[in-house]
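Dropping the structures in below, format is structure tokens.
Next come two complexes built around chain A: one with chain B, the other with chain C.
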Partner chain A sequence: MSKPKVAFYWCASCGGCEETVVDLAEDILKVVDAVDIALWPVALDFKKKDVEAWAPGEVTVAFINGSVRLSEQLEWVRLLREKCPIVVAFGACAHLGGIPGLANATTRERILENKYFNAPTLDNPDGLQPLTACTVYGCDLELPEFWKDVKPLDEVIEVDYYLPGCPPPAKTVMSAVTAILEGTLPPKGAVLSPAKALCEACPLNNTKPETLSISEFKRVATSTPDPGQCFLAQGYICMGPATRAGCGERCIRANMPCRGCFGPAPGARDIGGKMLGALGSLGAADTEETSMVLADTLVDLVGTLYRFNLPASLLKRQYTSGTGVPPVM
Partner chain B sequence: MPDQQFEPKIVGFLCRWCSYTGADLAGTSRIQYPSNIAPIKVMCSGRVDPTFVITAFADGADGVLIAGCHPGDCHYSVGNYKAMRRFPMLAKLLDQFGIERARLRLEWISASEGHLYADLVKSFSEEVRALGPLRWKQRIAPLCESVDIARSQAATV
Partner chain C sequence: MIAQDEKIGVYVCHCGTNISGTVDVSAVAEYARTLPGVAIVREYKYMCSEPGQDLIRKDIEELNLTRVVVSSCSPLMHEVTFRKACNDAGLNGFLFQMSNIREQCSWVHDDRERATAKAKQLLAAAVLRVGQQVAMEERIVPVRPETLVIGAGIAGIEAAVRLADAGRKVYLVERLPSIGGHMAQFDKTFPTLDCAACILTPKMVSVGQHPNIELLTYSEVEAITGYVGNFRVRVRRRATSIDPTKCVGCGLCWEKCAVKKVPSEFDAGMSMRTAIYVPFAQAVPNKPVIDREHCLHFTRGKCGICQKTCPADAIDFDIQDEILDLEVGAIIVATGFTLFDAGELARYGYGRLDNVLTALQFERLSHASGPTGGEILTKSGERPGAVAILHCIGSRDENHLKYCSRVCCMYSLKFAHLVREKTHAEVYNFYIDMRAFGKGYEEFYRRVMSEGVHFIRGKAAEVSTVAETPEEEGKLIVVGEDTLLGVTRRIPVDMVILASGMRPAEGTEKLARILSLGCTRDGFYLEKHVKLAPVDSPSDGIFLAGACTGPKDIPDAVAQGAAAAAGALSLIDKGRVIIEPITSEINPEVCAGCQLCIMTCPYTAIHFDSERNVSVITEELCKGCGTCVAGCPSGAARQKSYEDSQIYAEIEGVLA
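Right, the complex of A and B next:
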């Protein structure tokens, strides 16, 4: 009997998710024993026409990482959706928009202006900008369209499962692959990670005092947390209460408060809203004036609370012509 | 020029013990006030998860009012202090998203302050009318790529 085939594909991503597959280490041999890799642009050369030639269902699973911002990415993910019975959004970007999703805090025009005209290291005397079509030495060339905003994968195609994380830990990937091979997958639409908040799994949970009382919010950019003590108790914004568990608490163990890459904990539709609710509960202020002072110590709330999921949040993006201060580009 | 045709849609989260009772009093006292507000009874202003407010704005509200017992009067002793601390944080977050701070109000209304509730709805409706419609989805639409979507129903997490 021939082995089932899987495909890996990337959209707007950094390559870290591909790295996670390599991080499977010797487990990769088990994977390769059990399946054939039919597509993996980072490691092997494939052309679009090869994929177009697949019979429907020939390749069982497509693991797609990265968010979607280019017309070409849409073409590819639609093609893979058409061919593969199971599509897995692999990693925070495909799941929720991820770090590239923070581009939804600005506009396409600002991005292009900065990239092609204002960047300090730039030398572009002719004012060149990317075009979707141009002619060079008599040849017609095409480039994909750069969209106005970033979208998570499930906004453009139907997604069967989500593997969260930036990147997903090798253990989570391995158990997902095993579940697919053994046919023990949970109901469609599931996030393949434990259904509880990170705090429940946190090694620092027992250092959390009975009641938290934050009088000032601190940032890891300007001070260093005490290792071995609950970050929230120290006044650092740790996304643990609103974030799904299953990451192996890698950041916490490296003295870095949770930044929320696993996405909302079950029951939290909007991670930023839930986290803001928690921060308000934990504050020490008891008058309107001191509440304002406490809120003033918070910096870049959108970037902090929606670091990995702005495109999948309720408001989806920033409206930059409002009274909000536009981000520094 | 404010659009005279525009009727602001305001969502009000009113605490069951003080503010909702205050709103009831405004009604039973037959005080006239604009019908722009859709009051929602919550057990406490401290129960108002910022997600509720964000959802209201995302789904088309032009303004949101959170009203609870005066500080010190909370039925659950400290719920309204939570609302008090969340309010400036939430206003700051919404401001960064591009939703004007004046679209969100936090007020203390006791069960006996029906007139205050009516005055508040009047003044807040006028303020939001002057700001104009928010219509979040339409507002951001020019900044979003529209794609024919087959969004999975199961995909909501």
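Right, the complex of A and C next:
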């Protein structure tokens, strides 16, 4: 019997998820023993027509990382969806929009304007802007369309499983692959990680004081947390209570409060809103004035509370009137 | 998502023409038929009527409806009605949902098309929400027998005495050092000219002596939690620096006090008081307090003469504020009013010109125990030859108080009478309309007219000291149009009394936040129903009495105090109350044991189960306030009837 085939594909991502696959280290050999890699653009050269030539079901599973913003990405993920019985959203960007998703805090127009007209390192005397089609030396060239916002994978195609994390830890990748091989996958639509929030596994959870009251929000950019005490109790916004566990508490152990890359805990739909609700209950302020002083120490709320999931949150994106925007799908 | 076997009954009410006048009810009903799970849609003129409720009951029985939505008025109005109709027909009342297309739609819009579209959205929200609701059983909880009365003016006193006489324990909280409120400052009362002190003082004394009243003066309510029948109240007793068990109220301390120039609040600044003081001779309790803002011991760290003087050794500078935690079944709010600040109307010269007085200052001036012993004298100590009384200061004024303050016409007539009686001065009342609507009021108006008082119909424009004729020299000249004669009048007088209007007492808004009470645009508390429930607040177990809901005269304030006491008593005497079974629970499958909820719970109803590493709510202690739900970052804590799924379904309905 031939080995099952898997595909890896990337959309709007940094390459960190690809790195995770490499991080499997010797385990990668087990994977390669067990499966054939049919597509892996980061490492091997494939063309779209190769994929188009696959028979349906020939490749069992597509691991797709990165969020979706370009028309080309849509074409590719649709193609992979068509060909593969199982699609796994791999990593925070495909799962929830990820760091590129923070671009939804601004508009397409402002991004293009900054990039092509305002950037300090820019030299663009002719005021060139990207076009989806142009003719150069008599040749017609095409570029993908840049959409008005960033989308998580499941907004454009049906997704069977999610591997959370930025990037997903090698351990969870390995267990996902094993589950696929052994046919022990949970029900479709599941996030392949424990159904609890991070505090459950956090080594600092038992250092949480009986009453936790925050009089000033601190940032790791300007001060260093005490590694021996619950970060929230110290006034650092640790997303752990709102974030799904399963990451191996890598950040916590490196003295970094949880940044929320595993996305909302299973009971929560909107991680930022939930966390803000919790912070609101913990603030040591009982008058409007002291509340305002405390609130002033909350810097970059969207970037902090929705760092990895703005496109999948209830906020979703900056409001735009919708005119002059290319069709979404 | 609404399950396939659901059969939802939808009833759209015309409410006479209240809804159908603005909303196309038939179009809304037609739309309801397109919504998921809807089995039957009916429209009816008055859903709350017996035949209207019968429609629901019959459909539940005959069509086996599984859920019901009524699109009509506010749930405050008829949720109970329809819930009961469902229960009567054997459908759990919590599988019912109301959509408010009257208060939140037809009454506030006039564009028929858009109001109809909005009514459809509100209905869709209710239908999608009801699909997520679950059956629950109501809870019966006991009611504590104590009542908290906030504010010890005449309304609060009346309420407290009534309850105490019925054998119920009352905590009466008053911010000032003495009870009595504004009425204690008044000289005579209209229209009978009873002496205010003569009728109030005995009531005050009975409050002070009543075994069932625990008087907490110089105190403020800081926090209230809980719900009908079971409120927990935190009261701050400000430090009086006097040991009340030792003080006999002999008065030696304030005679000797070195600070003698603090403007007396009770005399409306017409006299000076000491730093250790009782506000007035008949004060209850008749024990002094030390005003730490002015006392030399506290401001400069020296003095202490009162302590040395006190024969009872009752003065203790180290006494600190005391926090009391009370448990009560009912709350009566009677926080009263404050006078409109006449200084806001610079044209009348208050605060700038001598002998321009506010109404309260005149009350004190005319009062037998006031700064002049009841003689009406100008600042220079002479009897005035002419006095002007300007009505509607601040009231009925687009720029200030839009409403009529209700009492000013009558007290202005009383002032006119007192001035005539005591000084024989000419009296000029500048009025807009004379409002004499109470029992004996019109008769009093006639009496004062017959006493030779001049009535000038027109709002005074200004009070000036710029004389235009020799007769005006050295006088206050009241300038105003006499709208009956159609001429501008200039009236030189020796004294001007400004009939200032009433506005909500200071701290009304703060207390509104503590009690979650609503306020009208004018800042007064909002009644549950302005006509049919004037002493009920929208929150069960909290009653409102007196001028805190709007200007009142003494008889109305007293009537409301008694009515509020009756409301509290009927609640307490029943001894138990049905409350919605809305409590919170923590899903142990989701809870990560972060314990943030434990810190937010005001009832200490949550504990940490370290064995299972989850937080657990004790349902008997949970009051369903939802604080833990808002504070739970993982979504493990959920509030029944306010589940995320229900709220999202509602939002989706609005957006549908």
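Everything that follows uses one rule, which is that the second predicted complex is superposed on the first by the 319 of 329 C-alpha atoms of A that agree within 3 Å, B and C clash if a C-alpha of one lies under 4 Å from a C-alpha of the other, contacts with A are read in each partner's own complex, and residues count from 1 in each chain.
Everything below uses one rule, namely that a residue touches a chain if its C-beta (ideal position, glycine included) is under 8 Å from a C-beta of that chain, and two chains touch if they have at least 3 such contacts.
Everything numeric in this text was worked out from a predicted model, so none of it was measured.
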Field: Dominant contact partner of chain A by residue count, chain C or chain B
entry: B
Message: So in the superposed three-chain picture, is A:307 touching just chain B, just chain C, both, or none of them (first/second/both/neither)?
response: neither
Message: With both complexes superposed on chain A, which partner does A:83 reach: first (chain B), second (chain C), both or neither?
response: neither
Message: Per the contact definition in the header, classify A:205: touching chain B only (first), chain C only (second), both, or neither.
response: second
Query: Of the two partner chains, chain B (first) and chain C (second), which one does A:264 touch, if any: first, second, both, or neither?
result: both
Message: Touch test for A:151: chain B only (first), chain C only (second), both, or neither?
response: first
Field: Touching partner for A:277 - first (chain B), second (chain C), both, neither
entry: both
Task: For A:245, select first, second, both or neither according to whether it touches chain B, chain C, the two together, or no partner.
output: second
- request: Return first, second, both or neither, reflecting whether A:196 touches chain B, chain C, both chains, or no partner chain.
  value: second
Task: Using the superposition on A, tell me which residues of chain A are in contact with chain B and, in the other complex, with chain C.
output: 264, 266, 268-269, 274, 277, 280-281
Statement: chain B partner, complex, touching residues on chain A are 74, 107, 147-149, 151, 154-160, 162, 187-189, 191, 263-264, 266, 268-270, 272-274, 276-277, 279-281, 283, 285-288, 291-292, 294-296, 298, 300-302, 305, 314-325
Message: Could you list, by residue number, the parts of chain C that touch chain A in their complex?
response: 587, 589-596, 599-600, 613, 627, 630-636, 638, 644, 648
Field: chain B to chain A touching residues, read off their complex
entry: 46, 49-55, 57-58, 71, 81-93, 95-101, 136, 139-140, 142-145, 147, 149-157
Field: Residue numbers on chain A that touch chain C, as the complex places them
entry: 195-200, 205, 208, 210-213, 232, 240-242, 245, 264-269, 271, 274-275, 277-278, 280-282
